[in-house]
Amino acid sequence: MFPPIPNPPVTATPAKFGDADLVRRSASSVPAPAQKLTPVAKLIDVSKCIGCKACQAACLEWNELHEEIGTFNGTYTNPPDLTPASFTLMRFTEWVNPETDNLEWLIRKDGCMHCADPGCLKACPAPGAIVQYSNGIVDFAHDKCIGCGYCVKGCPFNIPRISQVDHKAYKCTLCSDRVAVGQGPACQKACPTQAIVFGTKDEMKQWADGRIKDLKSRGYKNAGLYDPPGVGGTHVMYVLQHADKPSIYAGLPDNPRISPIVEAWKGVTKYVGLGVMGFAAIAGAFHYLVTGANKVTAEDEENAEKLTQGGRS
Amino acid sequence: MTNSWTDIKNADLVVIMGGNAAEAHPCGFKWVTEAKATRGAKLVVVDPRFTRSAAVADYYAPIRQGTDIAFLNGVMNYLIQNDKIQWDYVKAFTNASFVVKEGFTYQDGLFTGYDEQKRDYNRSTWDYEMGPDGYAVVDETLQNPRCVWNLLKQHVSVYTPELVERITGTPKDKFLKVASMMAECSAPNKTMTSMYALGWTQHSKGSQNIRCMAMIQLMLGNIGVRGGGMNALRGHSNIQGLTDLGLMSNLIPGYLTLPTEREADFNAYMSTRGFKPLRPNQMSYWQNYKKFFVSFQKTMWGPAATAENNFAYDWLPKLDVPAYDVLRAFELMDQGKMNIYFCQGFNPLQAFPNKAKLARALGKLKLLVVMDPLETETARFWENHGIYNEANPASIQTEVIQLPTTCFAEDEGSLVNSGRWLQWHWPGGSPPGEAKTDVFIMSQIHLRLKEMYRKDGGAVPEPIVNLTWNYKDPNEPTAEELAKEMNGSVLTDVLDPNDPTKKVLEAGKQLASFGLLRDDGSTAAGCWIYTGCFTEAGNMMARRDNSDPGDTGAYSKWSFSWPANRRIIYNRASCNLDGQPWDDTRKLIWWDGAKWTGFDVPDIAPTAKPRDVGPFIMNPEGVSRLFTRGMMRDGPFPVHYEPFESPVANLIAPKVRGNPVARVFKDDFAQFADTGSKEFPYAATSYRLTEHFHYWTKTNHVNSVLQPEFFVEISPELAKEKGIANAGWVRVWSKRGSVIAKAYVTKRIRPLMVDGKATHIVGIPIHWGFVGAAKKGFPANVLTPFVGDANIETPEYKAFLVNIEPTTGPVA
Amino acid sequence: MSAAPYDVEGGDQVHKGHPVQVDRYTVAARINHWITAISLILLAISGLALFHPSLYFLTALFGGGQLTRAIHPWIGVVLFFSFAGLFFRFWKANLWKSEDGTWLRRIRDVIAGNEEKLPELGKYNAGQKFVFWGMSFLILVLIGSGLVIWNVYFSSFTSIEQQRIALLVHALAAVAIICVWIIHVYAAIWVKGTISAMTRGQVTGGWAWRHHRKWLRELVAGKRTGTPAE
Amino acid sequence: MNMELSRRQFLGTAGAGVAGTTLGALGFGGVEEAYASTIKPFRLVNTTEARNTCTYCSVACGIIIYSKGSLAKGEKADITHIEGDTDHPTNRGTLCPKGAALISYVKSEQRLKYPMIRRAGSDKFERVSWNEALDKIAKAMKADRDQNLVQKNKDGVTVNRWTTTGFLAASATTNETAMCTYKVVRSTGMVVFDNQARV
């Protein structure tokens, strides 16, 4: 068993990280932090998950979210998709393994992956609305969010959701408020089978190795860790029984990366665009200086008068 | 549970059959994943549905609901045929060698002495041959053709893998795989644990389902050892406690039983409960029955219970029937033979079978009293909710009083978990509105009755006016006062017979163990098995030291475990005949040459020599029973009986319908679908989803979000056959009622080939009703049959027949 | 001079006098133009604010980021319909003519301001026509891509990938239209006597003679002349 | 309670090479004076803890109830959060989807707050005082018992059996409540007495 984190404090406890630990800030820059925090990570072991949704309940309760009571829609996945009030979701897939012909019920806890290279942050136009701490947590500052939905386009995992009520973007915070006092996220605390564990990223990788060995010994020859390099690795990782095909787990991207379109839009376009517009303005000014104003002459006026008097010319 | 949740981490093989631990007990299931992760244990799931437990299992085998005995008898046959038996254990610790009386036979699904009219057996021949020495005759060599082992061998020989497949629908290869995995655990250093729940109890032969696996566990030597045992995963937070405390028709706290009419006087009563040992030197612990009983009577009536009046024996009611169980209660209600009914934190309109009958019955009461923290359907059975509860209030004369009670978060006291731990808890919040504790309500009722009977007299006032009620505040006794009463105390000094100046026991002191109880009225104990929970040393149930020497999973200093803080019962059996552990890597207790010692409290007299005294001290044999004598109404060996509603006739005994001795009321029988009915061709089963807790979480927003709407589960094959679309509306109906639900077409349910014919399964989750936060929906008991298990009357919720068709949405 | 007047617009008229005055734009046309112009400017500002962090401060003009995000698309809708008005007023006069080719071939003289080297032109020269058609095209692109990324109402109608493309297209089109706008504004400033066309609605005869002689001749020939404006 | 010990125990017995290093690492950044703009202040600061047991299944997970106001101090206590108790040997702080949502049971809109009565033939519940309700119940019981208690069976054996009134006991009340209930019910001779165990 992974050592449980002691019960939370009830007396004032100083935050263990804060603004001084920012490494990225949307649409703005931050000074490099004095010292880097040890990167943390949440490890989700899909092979241990029983799909009980304790993580969903704990998330709703801890974050005081009010999700609507929906309807049955032909699966155990409820609500059917992430919402501004559901930061996490169990996604159920009934998959028949072509090699063994056995049914495998793949249950993946979906939610923010806390990318090392966060597409949401890159896309965000509002300074400081999305921040990244040196421990890897990517968090939203709702007082700064303008609700444009650019983060949704920036995210390779389709995670952020825009509230139709307050028009702000919402997603898993990795329970930054809990981590700040030395706790793990609410979902990890609740998880009955320790399918979710939380610690430093190195510990999580080490712990995952043990799990993968166990899975291989049980015949899952492609068991492995999901820590996609395309986004610089993530601070939420999966242990998958079939790491060779992540997409069977309710469409987990095989090779996630920030969309090249978003890269182009937020990269070259931004600068070239300004350049072109600037050039146009300057060219105009320059032309005026060289050729001077294009004035109507007295002769022109006379010609016009002659014409209107009917005089031929 | 014979073991504890935390002990499951010691298992090498976990078999989940007749239950769904991952779904119903996720945090207990943690210890299965722990055994897998740290011991490389394997998990096997046998279930009609591919459940959440199956989702993380190493091996899954499907089975038709209600055929577990055929499967497990088949396993026993496999173990015997392949000699996968832990022989030292079976020979020394079971009654395999006991010789059974002449005249006992088994034929065509029935044992000797069946009376078809009474639907009962004359069980006189179901017993041991008694020798001249007054002890049962045994044959250590197991040569005697009439010894238990040979009778068993013959009894299970018909359950070949081929027959098992024909009855259960489990493909032969899958059955053999499961059997062989179990067989590996016959090695002394390999243990298997059985985790089961309502999937086994909710059948007309539920008790025998469980016996089957218990017998397998004995053959494999897995009872009493770490990582083994028979682990009943109790449903509710204190259902173990309420059973221990005898809140049942025929019980007295501590599994003593109420007298019956046949026991006209105290001596007659005691004579049937003395339990002399059946073999030399055996402890036969029930010999102390009188001490427990008298101490209980003293708790009830104190000074008014005297030797002269047989300790108020006559103040206890005497039963004329085995029990007034819930099914009988509602049958009587429906016959208009009941006037007042109390529901204390219980919602029978949803929880018992055949909702239509229940509603009708409640309507015939004069007064219904509901004590509950939450709104229940029962309290509003008279309210019209369209298709969800059609009722005409004007025509229902029942008066209903609804009393708001506190919930766990607002009260103090102890709960007994499935592993028999009594854990104390403290209140964390103030009750809402005028809500009061159940203790307040019960006290108020009693004090009012007492007062009226004292003033005006009435029918037999004595038991009421003399009931001991010495609490600081009689209006609402504290949890501590009541806990001390359960534990028991010394009423009068007990002097040392050798030295009368010495007090063995001092009046007023809390008792430290039930070993100190006496049958002369000098001690009182509300529930003898709890004695030791609140001693002079304080409240043992509130202990919170979670250290675990030896990393055994026992946690002996955490709370208190009955009996005597023992964590694994029958733990003497974890050692061989010489008192040494079968497996050195899994030590629990051992014989150090002079006494028993170890990590757990030995389940045997500390100085009882290993070879002299058997490990099963509650049994007069001193050993466990592969043959239960006359103790179960439906046979000393388990037999496969079909459910009362079955798609096929019983292949081993075509003439037998259901369990031949299960009690069925006349009108209910008329409401059963025929065997192999064309009208109701599909085998249905009901169950709970992990997001829900029975009908409670209907009132709870978050859980209603996680699984919002009533649905039924069917296979893609059946959906195709019936033209049912996933998430489309269907009507499901049985001979008792009809429900409308969404359909969940899932690969997790597959038709099974039963005796060459495809049998479709319809899964019906429970939870929904007409009050609460969740969407209105139908409860499964609209459909389920009104019949119970032959021994303990648990309703047959797990196997019945329905039909299904696509339909349009409900118009409510 | 018998050729039918082909790019004279309703309201165009010559007033004899000293100097000659020519009505070029009606009141309605001018109002329509300025609504469009203001919308375009507001759109440019609010759009730029969300386009580049260095310009985010501009959101202050609209009462902050949330309001900027909310208002921008609505202004876009206003622009779309307002420009549609202009389009139906001006499209005929902006059809391509042979002399437009000549004009373009002599673009060096255009830039150098050697009007005498240029052919006689109708109401609009090729440059103005380029601005007109450019605006028309880009506004269509912007409104189309804009709807796709109008998160509040339309996010559910398209895939995220489509929205990504729309974002890029919207940004590129916006850059383009701003450049076109710069050319438009500069030309008006450079060519003296032009701005009065959109303020008072009139230009002098000399201006018309110098820049749109063909148009002036037609007005005169078409007897669209009135008494001096006194 | 010995939580320090328990913690060491868990870390000690965890056996994992990584045991225990987690906590330190999380705090590596040292103490921040002010919270970052994105980080909410920790919800449980200045709440009162009560050790309790989950009311649902019999795994009996340890829980901690956090409240504003302390019952121990005789104040009103308003529950603000419920979380698993890491010190508990069985659940180690984890909870299932029901346990994790316990507070929505405690705060449910369907919690009963006042005694209510539904009179014969009526289509609604009406408020009633505790005294009126309890008197009504006790009187009805006595009347029924006096009339229907079977004192002797046909063979003249004393049986003192009351079958016209029944009691269905709870499944989640404490042992102490059960003891009290048993005494009160059995002393009347009631035999139609059962509980959830049967189902």
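Which chain is which? They are A, B, C and D, in the order written, and residues in each are numbered from 1.
Convention: a contact is a pair of C-beta atoms (placed from the backbone, for glycine too) under 8 Å apart; a residue touches a chain by one contact, two chains touch by 3 or more.
Here's who's who by UniProt: A = Formate dehydrogenase subunit beta; B = Formate dehydrogenase-N subunit alpha; C = Formate dehydrogenase subunit gamma; D = Twin-arginine translocation signal domain-containing protein.
Values in this document were obtained by computation on a predicted structure and should not be read as measured data.
Q: Write down the pair of chains with the top C-beta contact pair count.
A: More C-beta pairs are in contact between B-D than between any other chains.
Q: For which chain is the distance between its Cα centroid and the global protein Cα centroid smallest?
A: So the chain nearest the centre of the shown protein is D.
Q: Looking at C-alpha means, what's the farthest chain from chain D?
A: With centres defined by C-alpha atoms, farthest from chain D sits C.
Q: How many Å are there between the centre of chain A and the centre of chain B, using C-alpha atoms for each centre?
A: Between these chains, centre-to-centre, one finds 50 Å.
Q: Just give me the whole-number Å value for how far the CA centre of chain A lies from that of chain D.
A: 40
Q: Which integer distance in Å separates the CA centroid of chain B from that of chain C?
A: 86
Q: Hey, how far is the Cα centre of chain B from the one of chain D, in Å?
A: Comparing mean C-alpha positions, chain D is 21 Å from chain B.
Q: Return the residues of chain D touching two or more other chains; collapse runs of consecutive numbers into ranges.
A: 3, 10, 48-49, 66, 82, 87, 91-92, 94-99, 101, 104
Q: Could you list which residues of chain C touch at least two other chains?
A: As it turns out, chain C has no residue touching two or more other chains.
Q: By the touch rule stated above, which residues of chain A touch at least two different other chains?
A: Where chain A meets two or more other chains at a single residue, that happens at 1, 52-54, 56-57, 60-61, 144, 192-194, 210.
Q: Output every touching chain pair, sorted by label.
A: Once each pair is checked, the touching ones are A-B, A-C, A-D, B-D.
Q: Which of the residues in chain D come into contact with chain A in the complex?
A: Per the touch definition, chain D meets chain A at residues 3, 7, 10-11, 14, 16-23, 25-49, 64, 66, 81-87, 91-101, 103-104.
Q: Given the complex with chain A, which residues does chain C contribute to the contact?
A: 14, 16-20, 50-53, 56, 59, 64-66, 68-70, 111-113, 115, 149, 151-152, 155, 160-161, 163-165, 167-168, 171-172, 174-175, 178-179, 182-183, 186, 189-193, 204-210, 216-217, 220, 225
Q: Can you check the complex and tell me which residues of chain A touch chain D?
A: Against chain D, chain A makes touches at 1-22, 35, 37-38, 40, 52-54, 56-58, 60-62, 128, 131, 133-135, 139-141, 143-144, 173, 176-182, 189-194, 198-200, 203, 206-207, 210.
Q: Applying the document's contact rule, which stretches of chain A touch chain C when the two form their complex?
A: Touching chain C from chain A are residues 27-28, 125-127, 144-150, 152-153, 158, 162, 164, 167, 259, 261-262, 264-265, 269-270, 272-274, 276-277, 280-281, 284, 287-288, 291-298, 300-305, 307-309.
Q: Which bits of chain A are touching chain B when the two form their complex?
A: Result: residues 1, 47-54, 56-57, 60-61, 66-76, 78-79, 94, 96, 102-105, 107, 192-195, 210-211, 214, 217-218 of chain A touch chain B.
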